[in-house]
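Multiple structures are listed underneath, in structure tokens.
Here come two complexes built around chain A, the first alongside chain B, the second alongside chain C.
Up next, the complex of A and B:
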């Protein structure tokens, strides 16, 4: 594999779909292998990857379903390969089994999720209904890192970052996009990470290591099941402790004019763009609105959100999302005890524009 | 004026959404004609898949439900076991049946589940934009095998009729095609035979039907029929593979 060749060369302005941006960023980040199964709106990641990968010596396998795509990634990363997958909707549901294994075995799995409408086959278009699934899906404790992007530039940036995060911290890492971001075109700057001083975190194998078993190394027995309650308890507590320790380094968010805001709009992903537009329009009308956007949904910027509420003295918050309260529940559990009055704008599986938010805010005054 | 052909009662008046030259529509009509002629419309339950025929429920004038991708045989099993006097069939594409749904179809057959499967093999994922299917032929170009399917990379095309005919639970397994009138007539007979197998409680029945996808093959309607004949039939031979007495 020629993972180190420069893929992009000089920084260039491009006009791409989000799926194309994922592909280029994965190549630039040195991803060596993609495993995937077709599902809209993620398909073009595979289409571009299968066309481009051979030119850079990278590999691809279309598996029989998403369960297999997730587990092949689990196998490949244990072999020391920078592998990834991309999926959506019911595919994300099926991948919860391998994602859970990645959580349990601390595997550097990276997956791109392009949310579509649910439940089940739902729509193939757009939603923000995979927040609960991506952050806390599976029979575990949600020891995952989830970046929710809002622009194509971020898709590019966080795909590169996502691989690095996964390999540095060894918690499964997700880029949470959606059908709008996947399918629409937008300008962005593509670059080779090294050009920006971004160091690519090296990969290493856990299996098939050098040396002779019994002589200079022990056989690897990578465990995913425990005989005793206490054994598992120790493992999960250790994970929780490590996760909490690294969380401050990982947390990312964007705050817009919260300092003097009377009302804060909380949203994530593409909806945050509508929120920022709404803030601008509302301010022009003399309404002091601000917006807050978690970029990492896991770990959640709870201290930063509490601080935004405290310093602004805002009495009201609007949570706007293209789901029926998934961000709302996540937020409430994170800022338990705050007395700010929370209202909501829930549009499951449907887009939200500035106008929707402006109207809602006016009705709250 | 003499009426020589009418819309089968088992089809609604809804217009098919299929691309021009797609043979999904012919297969829908054959199923409807068989059910009419066997007087089964009112007692039939169809399980539609996720795939291009996802909207089949709009076209069939009897009870239908839509399964999640690949799971139609499991849902059919649940329905048939609870309503054993109904005629239950699934309608599935090759991605649905031979890829993600491989487990469900093999086990439905192993259990001798008394259902009928209409398996539409067009060597490609139609609905999601022409990706490689387990049935994609060697060398065939798809959106996930842009340089042609290679054995070293993606293995061999799945011969589902041959595979399932090995199972004791399979009572009737055949492969047909709808590329010309003679084959269409043969396909119709086979569908009737499969349904009859179910009515007699003999076990699992499946009619694999070679079908076209002119859109994702990048061919005209006529070229697609020829492509099916010259490329698919040599690899996927037609005929009956299992007929239990």
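Up next, the complex of A and C:
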């Protein structure tokens, strides 16, 4: 609805926090409504949004908890409003109920998750411990699309893309950031989507459609509860088939010097920046390292990772993450059968820098 | 007769070296609560300023066994402990006086996300004291609006002022038919002390709400915490009352305002001393906005006066 309103104007270099970048990108993408509840480290998304949104005729509602914040988004998108929420940690846990519901009803929900340290309230700082929760949380099958960003530019780009993906495919879509990305400042280029030729997927109401059921239209059946086992079975299989069909269009990844690598570093999000720096340093020392980064954690770039392993002939892979094996488990289930030797650098709730990876790689040689 | 501040016990449950802001009303109030409860108590805290300021792990400035719990569960977590204590006592595994189980929760954890669990614990009449230290916003996460934020107040999620009046949470708790409900604030420490002592000796669910003017969220000068607390009572924005078994009694000076012996002071000075209001009162609609704030206060005074007459 608001997509043709210019928010940024001429493309401009900016120096922003990640939370601020989310806000600007959501405005530029034409988001009309944000629902939220206070939780560090995503609070500033709400703060910037409440200050900026009225200037562009957009709305905000603070709910009484995250369950409600998620469900108000579910309600708003059914009415055809481009709505979103942002949360973290324990808020992500509470939002699994609305996220699961959005999966079941195929709602175009978009949420930004700024990961913090767990368990539970844990730390407010940083982690990559919400991978399992965001990709496969809830009582469902993980029919979700999860973008794991590494830079503020990506936060901006994938916030715009996230809305489009959600409304095009109607699977709940997530931008998975973290406390570092949320709070630190970094330069990025802000732009209005049309400046880059990005077409905004139009929104449309899912309920209250024109016409009369039985006369000139079919019922809009957003069923989320079934009386028989077989009914649910049929629906889940249909969703799974659709999800698998669109996966090749959705999968995104970045590969860095894997062609001749003896050792591949696998990481996602902000840790992949340390991995890329490590590759550079290791190569300068004559060690043939490469890095592979899934941008979409769901759907996972399974074939592409297998291909990277095959073409390089690498015998070893290091999985580095600020969690205790969440990316590791996700990866292993996706590349089951590969014989590459996998070692780990797990630092749950703690940042990883290039030296950590370099030292670990050297110990593996 | 209210206990004089000079007569409060010397015992301290809130130790020095904690990380609270200077002039923090929650810490001040907790200190008085500590004097009333003594050391035989178990404290539950939800994510809030009082958790953020309790000291750097593993050091703790609160001299009780403390349990940090999730935001929504102050009622249910305290219920779990109180039930366990009763069973232990029954089976003879716990001798002597049962410890007082109390939750120390901000207004977000009481009015909003924690309301369901609190309401259920009250309905079961579980044996605990639930304290709400009410600083009228989510101060710990950067001062967002809560159900306790008064109309007209700036917060980071209401940059043009909150449009809705606050809930009367203490009254809502009274309507759960629990044996004891009270309101208090830091400018009247003897009143708070007496109420906690009373609550400690009543079995079942007790709810005590303490108005806690937060200099950071309310935007006034740090040394003025107590003054702001006193002003809130004198202008009727905060009414001091207690209800044993459903019968409401007002405490001084609120009782004088309710009985009409003394007029509530106008809200203007109170409002203009606080950045959260006065930053929004420079526009052309300032008069109307102050009138709204005054109107909410007048309405609550009139309503509580009438509500207190119901004694069945």
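Note that the second predicted complex is superposed on the first by the 348 of 365 C-alpha atoms of A that agree within 3 Å, B and C clash if a C-alpha of one lies under 4 Å from a C-alpha of the other, contacts with A are read in each partner's own complex, and residues count from 1 in each chain.
Just so we're on the same page, contacts are C-beta pairs under 8 Å (C-beta built on N, C-alpha and C of every residue); 3 or more make two chains touch, one makes a residue touch a chain.
Just so you know, these numbers come straight off a predicted model, no measurement behind them.
Taken together through their common chain A, the two structures put chain B and chain C in a clash.
In the superposition on chain A, A:50 makes contact with both chain B and chain C.
After overlaying the two complexes on the shared chain, residue contacts for A:120 are found with chain B and with chain C alike.
In the superposition on chain A, no contact is made by A:110 with either chain B or chain C.
According to the touch criterion, the shared surface of chain A, contacted by chain B in one complex and chain C in the other, consists of residues 36-40, 43, 46-47, 50-51, 54, 60, 62, 64-65, 90, 120-121. The touching residues of chain B, when paired with chain A in their complex, are 50, 54, 66, 68-70, 95, 99-100, 102, 125, 128-129, 131-132, 134, 143-147, 153-154. Chain A makes touch with chain B in their complex at residues 36-40, 43, 46-47, 50-51, 54, 60-62, 64-66, 90, 120-121. Those residues of chain C that touch chain A in the complex are listed here as 47, 68, 70-72, 108, 111-113, 115, 138, 141-142, 144-145, 147, 156-160.
Interface of chain A with chain C (complex): residues 36-40, 43-44, 46-47, 50-51, 54, 60, 62, 64-65, 90, 94, 120-121.
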